[in-house]
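Labels A, B and C are assigned to the chains in the order they are written; within every chain, residues are numbered from 1.
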């Protein structure tokens, strides 16, 4: 049986490198390995079946629909080849949506990761209120888009509480209808999103930091490392995987943002906050172009896939 | 006065509908009322009907052996849920449609109601409904749906208390409106509460503008006979956007929703006007309706409220006539296994007892023989106001909905762009014309 | 972790905590205030009294609980297979699973509807649990896999030397060590399932089978919104997730070595 002390020791340092039973013939071991790896596949099968059954089937379905002119309702649909895809290239609203989505996704990802990590560090300092912070940071995550969207509209309106605060602070020049000003609306949506979902990245960073062995930290401290150096040399290197996971999760969920924008700006003013998902909704549901909407969905899938591939590549790299 | 919920006959429709279903579903197993074999069970789906519970109870009284299960959805959910549901074979028997693009696209999934109508109401069945109510729910020669209630826009509702405090009269032109608004804003209120986030609210205001400037030209443009960047449209768009610049509409409207944001401001007395249509009469001019509207605000509702024609942009012109038609329609699914009973339900909703329920609530009936009830008005002189609206419904300048979803979306997009950047009027209208020219009408 | 801070460090961190608390708290207070407009605390009473609140609450509990169980089990197993057992087709599977994050929900509506209809699953909670699980599994696999990668391989080797089989290794070593990340998976899967609005609406036609996200709808219709009660209802249905977070956060805070020592 493994004892705690053994584990701690193993976790501590380099330890004996991958001991193998001596004398075992290499070929037999390889055969055994292959069989073990095939058996290992059974462990991933349930996850694979679920995801393929639910999502991949949907992707294939959309791919099929995207080559037709289906309106989403009629029993008939005519094949149109790749027309829907070529039409995307000359769709001005799509191009605006693509640009907005890219800006939004990048900004949200960067800010949300930074803020989440900062909070995960702050709750480990001696500051008063850190435990309250731990709780409050998560509360916005659980609130429904209906609440966040409606509150944001009121709070950020011309006569809303934020502008009231600005006026009171003598910053009247900054007062503006934050979500109704086409130069600020997208940035405001980024801020709302980061406000709501920093708790998300916090929880993941929190879990990752909890994996850092306290003994290692203590050793560093005894060596006279300051907090900053301890953070940069012990904690940060451990967080590479967490960054990767969060970049993928945050970027992809930003690509899929819909409710918040629908409830606050509906893509306006003009096309200043039009996102790909809003465009898909409009085309598929409101304008009855299910075929075109499916093509747009596949474009979104393709963009998300880039992140997925990146994550898989980089995470493999990390293990080697 | 707030009415406790015991008196709430006129409950929030969705709540009423859901509660009804709870009752129905809950009693389903326990209620063994004898010969279940004859029972017909109808399913009906929709997003917008007042007093559904009362209506269905009345229908079931009239048709023993038929039970109706109503599933209410929020509009956006309805649009997404209805498509797959109607193509399956256990979908709804009766479904609600909106005139315009929704009718055009869903019409193939609906039964033609003409044979039923001729059999049930006789050869003159068309006389039983407002003409626009039938016309906008027909597709070629097929009567795909029948109107639930009528509604029309082209009005501004105003709060007499706010106007009195500001010392202004109801404006009839944009010039008067601008002056009146300066006085209203000086009292610390908004003038015209408007939710420019919602494309439909902008389109209503735009139609009110152009239907005064050049009555009917917009319908020629919808038909493809006039270009959307013709001079009348440039003028109308300029007048439309002037409301956002001259203090009539407060800054920041682009992130406000018509419901609940603008409407609540209006009901609470924080704004003098709101540009809505007759569907708003029940919620502002009847005691019960107003009590319900006031649930969304803190404190007592303001008022009394009245409606007046939307002011004319150009002095010397008449204000717009009302434009609208059927607020929504009811259709029988082509997949229904009980099309006869389903038709009975649709007829009840649109011509029979269902119309009495709507009239009682101060919704405008689609049946020409049913008069709207004015018994519950907040103040007596609202009666005249409501009767004027009913007359206006018989003399509409055109429809509210544009039957081509692409064109409707393009116009909504253009108006939003113009609000954001008033310098872009010509480009924005050219984009609408491009879509219009490319339509397969 | 940072038990010894310099004075400057202490001041800066304290300042940041105060600012963050304010930024978080002020909008939340506005939300609570909105929920108390009109009839005050009675809003909350009416949310529970005027709706099938308890019924829907239990339905949600069944659906969210089952989804959590499925996702946690399946994701942990997959991550274990990939990282520890170095399963065949690991890389391809990982890509396929992570790709499951990509499709936006509204593009899934129709294909899911067709599938549920073909399988005759309408009105069964399974019609909601399976899609919700499929949608949450990629997240679970992604974080679990990353976490297991962070556990020194020597631990597994040590266990293997002790002669533990794949199953024992999973149950006795990996699961206890992975408790912090399992807590994360539980929290977020529960959150997603509990807050899901559209799938139950679509697939559970029988009204009594509906879930808590339908509650706010009782106070709004096409042209009428009782905003204070909508807010009260939303806050009320959010409470269980916050409670769950508080319970499972302790697992995360305890760190993974706590799992090893237990």
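Assume a residue touches a chain if its C-beta (ideal position, glycine included) is under 8 Å from a C-beta of that chain, and two chains touch if they have at least 3 such contacts.
Given the structure is predicted, the values throughout are model-derived calculations rather than measurements.
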item	value
Touch-based graph of the chains, sorted into line, ring, star, complete or other	complete
Between A-C and A-B, the pair with more C-beta contacts	A-C
Whole-Å separation of chain centres (CA-atom averages), chain A against chain B	40
Euclidean distance of C-alpha centroids - chain A vs chain C, Å	14
Set of chain B residues in contact with two or more other chains	80, 83
Contacts with two or more other chains, residues of chain A listed in rising order	72, 154, 285
Residues of chain C whose C-beta touches two or more other chains	106, 110, 114, 227
Chain C to chain B touching residues, read off their complex	37-38, 50, 52, 106, 109-110, 113-114, 117, 122, 198, 201-202, 205-208, 214, 217-229
Residues of chain B defined as touching chain C within the complex	5, 12-15, 18-19, 21-22, 25-26, 47-48, 71-75, 77, 80-81, 83-84, 88, 90, 259-260, 263-264, 279-280, 283, 292-293, 295-298
Touching residues on chain A, where the partner in the complex is chain B	71-75, 92-93, 153-154, 156-159, 176-182, 185, 264-272, 282, 285-288
Touching residues on chain B, where the partner in the complex is chain A	76, 79-80, 83, 86-87, 101, 105-106, 108-109, 196-199, 250-257, 261, 405-406, 409, 413, 416-417, 419-421, 424, 431
Chain C-touching residues of chain A, taken from the complex the two chains share	1-2, 4, 6-8, 10-11, 15-16, 18-19, 34, 36-44, 46-48, 50-59, 61-62, 72, 118-119, 121-122, 124-130, 132-144, 146-147, 150-151, 154-155, 161, 195, 200, 203-204, 206-214, 217, 221, 226-227, 230, 235, 238, 241-242, 244-245, 248-249, 252-253, 255-256, 258, 277, 280-281, 284-285, 290, 293-294, 297, 300-301, 304-305, 308-309, 311-312, 315-316, 318-319
